[in-house]
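The same chain A turns up in both complexes below, where it pairs with chain B and then with chain C.
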Partner chain A sequence: MSNKLITPNPSRRAVLGGIAAGGALLTTGLGARFAQAQSSAPIKLGFQLHRTGIGASYGRWYERTATAALKVLNDAGGINGRPVEILFEDDGTDPKRGAEVVEKFATQHKCDIGFGTLFSHVVMGSAPRAGELKLPYFVVSEGHHVASGALNRWTLQPGITDVKSQVLSMAPWVLQNLGKKVTMVFPDYAFGHDHRDYFTQAVQANGGEVIAQVAIPPTETTFTRYFPKIPRETEVLYHVMVGPAVLTFVKELGEFYGTGARPEIFGFIDSLEAVNIASPGLEFLEGTHFWEGHPRYLQEGASEAELAYRAAVGVDDTGASVSDPADVATYAHMFSVWETLFAVKAGMEAAGYQGPDDRQKFVEAMEAIAAFDEGAEHPQGPKVFNGKTHQAFGLQSISKVEGGKLKRVHQTTMEDGFYPDEVDYTTMSF
Partner chain B sequence: MEFGPFLLLALMEGLVTAAVLALTASGLSLVFGIMRVVNVAHGAFFMLGAVLAWFTAQWVPGPPAVAFAVALIVCPLIVGAIAALADTAILKRLNYEPEATIVATIGLLYILEQAALSLFGPDARPVPAPFNIRLQLPWFGYSGYKLAVVAAAIIVLLGVWLILKHTRAGLVMRATQIDRDTARAFGINVDRVYAGVFAMGAGLAAIAAVLIVPIQQAHYLMGGDPLLLSFIVVIIGGLGSLRGTLVAALLIGLSDGVISTFFAPTLAKIIATLVVALVLVFRPQGLFGTRTT
Partner chain C sequence: MRRLALLFLLLPGAALAHASERMVILTLPTRGYVIGAALTVALTAVLGMIARRPPHFGARALFTRPALLPREVSSWVGAGLTILLVVVGLFGTHDPMENLLPLTLWTVIWVGLTLASVIFGNLWRDVAPWYGPVRTIRHLIGRTGSIGLARLGYLPAILGYLAFAWFEMISLSPADPEVLARAVALYAALILTLGVLEGEDWLDRGDFLSGYFAMVSRIAPFWAEYEGRRVTVMAGLPGAQVVQSAPLTPSAIAFVTLLLASVSFDGLHETFWWLARLGINPLDFPGRSAVVWQNTFGLLSFWAFSAALILGAIRFGLPKGTRFSDLAGPLMLSFLPIAAGYHVAHYFISLLTGGQYAIAALNDPFSTGLSLLGLPEHWVSFGFLSTHSGVRAVWSFQFAAILGAHVLAVLLSLRLTANIERAQTFRTHAPMTLLMIAYTVFGLWLLSTPTGA
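And then the complex of A and B:
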């Protein structure tokens, strides 16, 4: 932001002055709000991208998915007959920078909305700023923080089911088929805490017991030292891990159990996103189970929408990039970017959205949406959208590793994932 | 898990930490001891070693062991060369003033990190281990490679000690450490000694990184932790004392392994930092350091 204000040979004083002036300009909003968008001007969507930092492998694929979805959207005539643009801005997977990116979208780029944030600590850091700036903010983080009421009326999650619903819907299957005594391994921050809290509740409700909880800092690089905390009587090991070290995590888990006795293992695919399941050291995963938001390997009887989506984002039948088999996608999660874009389209068209002045009308129109049908715009499956909690609900898959591939063995129903509303955002003021 | 095997695992983990830490910290300690430079970019040199090891693994054909052997020789040399260049181009021009060199090495840290981000990318990338042997104990399995890391670190440290004590280069370094001006008066090219020492320190960090990268994966932000722990070790051991560094690395590594296995890794870091504070208050020169005037 301050670059343009720096003269070729700045003194320190001049630079500091420039930065201060720039900050003042931005906060007072010198650039008046886009008063009236012309009907042919493109709609600008700001995409808050984890291009660097610990979320980078997701960011790479989220950018590709968003670009592919945008092409489909514009080829079909855009939104309200207007072309759509996406502005990608890196937040370094950092909450503080996330808030700055949101601010940039609202004040500098004059974006109509912001979207695409995944890591829940970044969502927690960014969403309040979006609320203050009255910028509709669409997150794809799975975190329960939207539906829990912790955020604000401007923040919505129409593209992916939240963790609470995911674990509620799968817990009965895990307890019936794998075992009753569960040990949980999860990252020690908001997203992991959602797993800890709601899966533990769901286990108890289904007659099981969580006998140990192992929290691991998300920036950790070595994991062996955590594994002795897994009690020997554990029947099911529930793991979910994020960040650049996920491959190390799974490898070391394999080393730790080796060829000895091990519990049944149920993991969230997060522990393996962007990682080739055939990597050396991961052989022990054969026979273990994974949650998948969207199955990485092409399943039998896949819908046409699924095939078209897979081709559009450039992913082959094994979940890797068509141009580089070593570049494995974050396939279980990235559908949320695609679906969020089309949810935004549905909302903007329902609201007759013209420009930033219609942002409130747009959020209200989103709240009135009840469902998204499965199809080209929602290839992962149908969604129920709860306008009061701003949260979507969808179908979850449980897959088993067979012959080095993930094969779906169970799909939850929509009702499995419902829980009583914890908030009614529609009663909050804008 | 029962207490015995639990402790065994903790000690094995601690030993691996200690070995890598000893290598990294001895590089930092050398640079401080001889040049009186607090090298904040040390972690970046560590990261650079790991990233270069990944590139080597991509380019060298054949089994992983061959690529690894090449990386173990080539990466420290490249990193050392970059460090020597940084020394002559930056640090020398600042006359090795303590404050200026700290700021300069912070800048260097950012340059190296951003360069790695641009050329290597933001992802963590695995480097295959030279061999995959798993020890299957009755209670748990353990990577044979991790134990090999400990052995390799001991050999390298022995080599460093031999160089310092029994070669002419080591003699010159020690002379420069004791008194830079007198050394210069005796015809020692202090500039070249400094460049060599800075390169050697960075090279040691790079060797540690090449050894650890099959366990941890290469990532452009991986230098932070080793830097912090190296500073802790060097301060506890006594600035500039190689023997103190080794003892402190063993102490910190093992206690880190035991505390983080039995309690929590965060607690291990808290305690290590607390020990640093106590050492600074009660024995500012460190366990084995000598008071400098």
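And then the complex of A and C:
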């Protein structure tokens, strides 16, 4: 019974509190201050940070990006005229802790939303809890799990494209410019399989042919014996190796081909995110191509927004920290944190968001958003947001290594990355 | 808003994370180093056995001075700091890389103080937060007796260390300030209570940290000897204190094997090799929560395995007519440099990364945008982990620590058995030498093999 008395009706709670404090005059005073405080109280965003564990090298840049974005957001007046606060909680890059962090956001810290999760297994472990607690949950994982329908109405990914869209959008340019006979080299587990499946499908749709798929066991740390499996007639070698042996992979691939003829080489920068492309041993990459979510090196004719973003996150023209040229940022991905924050702002303002009671209204307002324009809030480029699949679509870059730097040679169109909807979250209940 | 003007702090995982430098180290010729180190250790042992004149490990007094603070007082200062850190853990920032409690315990004490103690002697002894409070409380309540805990030897410290090691490498949130604050408060209260019941002299053996620092600091080339209120600062070859130490008791032997095994397992449980044993894809580590039971079992088994290996090697070389404990007691002391050396090498990167965070946290202790030390924005940086020169420098230090520790261990094993009858034979030393060569290779392998957790 007593629980019912203090259920969250603010005015009633204020009155009860006042009575308990013992005076009608005091009640009025407190009530007025409470109302005042509520309208100007900060909006509280919980950031689920991979501060420790395997995601930590991304986590430190995501924290840096979030903090920089928050400053810009607050300097421009916050959200709905209210200041915004970010509460960072470490999830140890662990799905169980991830779910606990989401719960802390919702129940202990009374955050308005949770956001910032990168690693897919943490997203998969946390999103169901966010759904149960009805906490809007914004992920930046690139995973196809949002758009595939595996998650729930409360989980959205408006700040970065998913890997399926990224891979599909590469195929037209790669096939037209690098060659039609493709050999894929990938680690033999889900991450590599996604690349294998999406790219093979896109190659076929664009008139090319995947002539060999070389799956490499994840425990492998030397690769020489796999290279003879690459057919001689290969025109394009597509690689997505990840993990501590990546430098070894590149080095051994270089030794395998020597200075003789080699196929064109196309990879995903995920392999070398946060690694200086001009490192000794990576010379072999000269003249090869990479997908980049966001070009690491400052490109000619970069927008004002790009320059401002770089300055705000403290990254120089080569993609490294302004305080240490050897400390290369996770530049291809970390814009997602920045853009998600401003997507949240757009959604909250569209919903006239006041507090946790408006969470559902806020998600509905997000679902109604169709696009985000390129600019200071979206420096990576314009986005199309699909409210049904809760997934953003955007422009991808293909860069070529020239003189030890990554130079953009192609930017995809928005349509290159589209694929048929696989879910309609708006039909699901909250 | 609170964090608005914060320093933007970075890092791969700090004290608990063993950073991504493995990408570069896999391209370095570490195999040659490992072979070279193994040969050096073997050659040291062979030459030592042939020469039959192990180093003397003499010591001399540098100077004597009055103690700056009585131990009761410095310990009370330590107690005050402990309480303050627990409060910071409970009520300060939730970020483990900004909160001074996890940074102090995992980086400053566990890594930094170990390194300092390996050089300058036991620096924990005077600041350990129990001695002063226990004496004061016992004085106030007029308690003088004990409850017989001393009879347990190192057993309480073994349990404490085991819990600590489990908390550090297996539990889910060892760096979470709030979780850590509760754990520290609980442990401190437990030791305080037991100390009051048993007496302050028990603390040096009952608290695992005191036991740990007393062990690893015995290889320091500088140390202090106390006589009343006067301190004599001593110097000698690393190991000079070890040769003066009393033989280890069985529980102390168990404690030393635990030190060795736990820090090795801390390295091992992140390797591709171990993850493969657990059937886990090392490129797709599912998080600590997926390996709690496996690693708990792994830690205990690895301890049992290490202890069996060491004691087995001693037993195998036991001269006829010599009791096992007469040989094992002194000989186990020669493993102290290995425990200390591997600890220093293993956590060296944590010191370089977490240490930066600790300095940055002191720069702005209340996360209010202060810059007490005048550090610029984005000061914390880890570029050295991804350059060849940086990784080579780190590896060289680790290599020197491991090799130096094992050479010292071999020399100490010869010295410590010099007075045992019939123990100067090839038969006695061969198993130990083989084990130390294996440990050298294993230690360097742990530092250079790919990791995925």
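Methods note: the second predicted complex is superposed on the first by the 334 of 430 C-alpha atoms of A that agree within 3 Å, B and C clash if a C-alpha of one lies under 4 Å from a C-alpha of the other, contacts with A are read in each partner's own complex, and residues count from 1 in each chain.
Here is the rule we use: a contact is a pair of C-beta atoms (placed from the backbone, for glycine too) under 8 Å apart; a residue touches a chain by one contact, two chains touch by 3 or more.
Quantities reported herein were computed from a predicted structural model and do not represent experimental measurements.
In the superposed model, A:Gly314 lies in contact with chain C only, and not with chain B. In the superposition on chain A, A:Val322 makes contact with chain C only, not with chain B. After overlaying the two complexes on the shared chain, residue contacts for A:Asp94 are found with chain C alone; chain B is out of touch. Touched residues of chain A were counted for both chain B and chain C, and C has more of them. Within the superposed three-chain model, A:Pro172 lies out of touch with both chain B and chain C [touch as defined at top]. Within the superposed three-chain model, A:Gly404 lies out of touch with both chain B and chain C [touch as defined at top].
Of the two partner chains placed by the overlay, neither chain B nor chain C lies in contact with A:Pro382. Contact with neither chain B nor chain C is seen for A:Gly149 once the two complexes are overlaid on the shared chain.
When the two complexes are overlaid on their common chain A, residue A:Arg64 makes contact with chain C while staying clear of chain B.
Of the two partner chains, chain B is the only one that A:Arg232 touches; chain C does not reach it. The contact surfaces that chain B and chain C form on chain A in the two complexes overlap at residues 51-54, 56-57, 60, 221, 244-245, 247-248, 274, 279-281.
Interface residues of chain C, counted against chain A in their complex, comprise 1-4, 6, 8-14, 16-17, 19-20, 22-24, 26-27, 94-97, 172-173, 175-176, 272, 276, 281-289, 376-379, 381-384, 386-388, 390, 450-453. Taken together, the chain A residues at the contact with chain C in this complex read 42, 49, 51-54, 56-57, 60-61, 63-64, 67-68, 70-71, 74, 83, 85-90, 92-97, 121-122, 125, 187, 189-191, 218-219, 221, 242-248, 251, 274-276, 279-281, 314, 320-328. Remark: chain A residues 51-54, 56-57, 59-60, 217, 220-222, 224-228, 232, 244-245, 247-248, 252, 255-260, 274, 279-281 touch chain B in the complex. Within the complex formed with chain A, the chain B residues making contact are 1, 5-6, 9-10, 13, 117, 121-124, 126, 128, 132, 134, 136, 138-143, 215-217, 219, 221-222, 225, 257, 260-261, 265-266.
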